Amino acid sequence: MTSSRLEAFSDGVFSIAATLLVLQLHVPTPAEGDFGRALLSQWPTYASYVVSFMTIGIIWINHHTLFSRIKEVDRPLLLLNLLLLLSVSTIPYPTALLGQSIGTGNGSHVAAAIYGGVMVTMSLSFTALWSRVGRATSPVGARLHPRRPMVRTFAGLLAYVLGTALAFVSAEASLLVYASVAVFYLFPPR
Amino acid sequence: MTSSRLEAFSDGVFSIAATLLVLQLHVPTPAEGDFGRALLSQWPTYASYVVSFMTIGIIWINHHTLFSRIKEVDRPLLLLNLLLLLSVSTIPYPTALLGQSIGTGNGSHVAAAIYGGVMVTMSLSFTALWSRVGRATSPVGARLHPRRPMVRTFAGLLAYVLGTALAFVSAEASLLVYASVAVFYLFPPR
Amino acid sequence: MTSSRLEAFSDGVFSIAATLLVLQLHVPTPAEGDFGRALLSQWPTYASYVVSFMTIGIIWINHHTLFSRIKEVDRPLLLLNLLLLLSVSTIPYPTALLGQSIGTGNGSHVAAAIYGGVMVTMSLSFTALWSRVGRATSPVGARLHPRRPMVRTFAGLLAYVLGTALAFVSAEASLLVYASVAVFYLFPPR
Amino acid sequence: MTSSRLEAFSDGVFSIAATLLVLQLHVPTPAEGDFGRALLSQWPTYASYVVSFMTIGIIWINHHTLFSRIKEVDRPLLLLNLLLLLSVSTIPYPTALLGQSIGTGNGSHVAAAIYGGVMVTMSLSFTALWSRVGRATSPVGARLHPRRPMVRTFAGLLAYVLGTALAFVSAEASLLVYASVAVFYLFPPR
């Protein structure tokens, strides 16, 4: 399979997952009293929405960087990519879990840990993809330089592990770590 | 990154956001009594649906106009575009807020202001994108003429600021302003 | 704008609208008693789901036939196409209205008429698109032959008008007409 | 129609259906008591989510294998493909049925049989597609070798028939069969 077709399918999953995030935002009903206050009390939902949207956007950019370096995709790359897509398309669920549980104060630690777990899975697939791309192109060598992006991907993985561990202390602290990862990746490599 | 790939991803977000709008339309339950009357009372939901759909459609057309002028996309353009996509993919939420709150008469002023706020963010990203495209291509100059589309984009921004201010007087008046912006952009430039 | 880009965006709307239809299918809760019987009683939902899916699939095929004949898209074509996309992306709503109201026996006449109204709007946009394509290419003439597809599109329009009128007699009869239109278009032209 | 355009539309449906699966995952409300336990009790929902996601991913890969062998698509192939897309876009519904009914213990046998029925329909369309591709290219013969993939597709069909029959004994056993089919197809042919 050519990498361009794999990218088209992956882009589809990325853009849909990012756009589905909005469905977790909730319109207050009249029974919830003051409309403005009801909206304000949903700030964790908005925060997790923005963090997840930016995260998926960054995954998309990095995914393009990775696959722009190869032309043909073999079976192992295809399956690793499928695992990455599975974790990305799952993101709307832990996003809803985290936003709503911080809001209600029920289960936010578990939710923050699950969010982190999905992100760790995503980072692991990404690291494995870079590692495989690096090996597959070792004869060519110099043109690929996958070491730098691998280090960057690995740094994200470590941050997500830290965020997951922090979940058991404070869900808000975890969310802050996840937000920081997104901000970190907004800056160009080097 | 080539602009064609960025456009493909953006088109995905635009078309999904536009199509997700339909999910806010609500099927009356038997408990709501007369079916036809229950549907008619939902007119604000339908009105905000059509306005948002046309708005996203126009954003898509203008987005294409902008990116057809450049071939390569650098990091700042990429991030500005991500901000634009974030605001566009959020549109279904203020659309639901506005439609439902005008219907129930609870919180419509806040909802109309939030709708305007999302549109102002969207317009600001768009203006910044045009400004950046204009600067990046200043050596070539004459071929780009980004002044005219920038003025048009800026006019939309001003209208959205007006609509947001009007929200505190009347949510229906705001919605009318937002609808007028869409109608204005339906006419070709010049 | 090139027609290929317009087709890509339209395909996005078509495929999303078709796939969103599944969200109206409802999982019975334990409170609804016998699971199998609760599913069977939802047959109108399944029927309207299949009819709408096939209808959108056929719109996609015909849309491709139309735009494969032109290369450049002008503003009027762009706006007519936007109107077509608006009606297609609305289809999940009357589909849910029709399926659920036939099931509950409340408001099915109104729902069948609304379904027909959306389809009439869609057919009108399609007829206008063919008419515009035919006029735009009149100098070339013989290569386009838009008369035959226009007749076919117009036949569909008439059938949808008939279905809408029938709605006030029987919603089930209307649904049968809408299904017949889909079956009719499954057969190749001529 | 060229096969590349048909693939683009099909990829759209595949990626949307796969990404919509996440919407069936449910955020526990405070009324459901312990958050972590409420999540754990939803394991059938997660299991059916992963199985369906991987299944759609594999359908995508196999669909590409099939259509990469032909360049032009005739009407019968178009309609068979539409039937395949209908069954794939339906998958989120039996996935939700199966996950939720195993969880509540109400109707899981019926749900597992419906899941199998949708998969049998999908496999039948796929087998018919391969058969048609094989016949259409019989003059060329040696280049296509559709026998091997047809046997693989047929093996999947048989497994889905077995899973459907098992549904009346145990829904969990059925789900295990459906998961095994996905794992089987993860391995490359031969």
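Observations on the structure shown:
Every chain is named by a letter (A, B, C and D) in the order it is written, and numbering of its residues begins at 1.
One rule holds in what follows: contacts are C-beta pairs under 8 Å (C-beta built on N, C-alpha and C of every residue); 3 or more make two chains touch, one makes a residue touch a chain.
These numbers were taken from a predicted model, which means no experiment stands behind them.
Comparing the residue numbers each copy contributes, chain A and chain B share less than half of them at their mutual interface. Bringing chain C onto chain D by least-squares fit of CA atoms involves turning it by 90°, to the nearest 5. Taking the mean of C-alpha positions as each chain's centre, the chain lying farthest from the centre of chain B is D. Annotation: 26 Å between the Cα-based centres of chain A and chain D.
A separation of 36 Å divides the Cα centre of chain B from that of chain D. Along chain A, residues 8, 12, 16, 20, 23 each make contact with two or more other chains.
Interchain contacts close the chains into one ring where each touches exactly two others, per the touch definition above.
Across the assembly, chains come into contact as A-B, A-D, B-C, C-D. Listed in rising order, the residues of chain A touching chain B in the complex are 7-8, 11-12, 14-16, 18-23, 25, 27-30, 34-36, 38-39, 49-50, 53-54, 57, 60-61, 64, 186, 188. Across the complex, chain A meets chain D through its residues 1, 5, 8-9, 12-13, 16-17, 20, 23, 75, 78-79, 82, 85-86, 89-90, 92-93, 96-97, 100-101, 104, 106-107, 110-111, 114.
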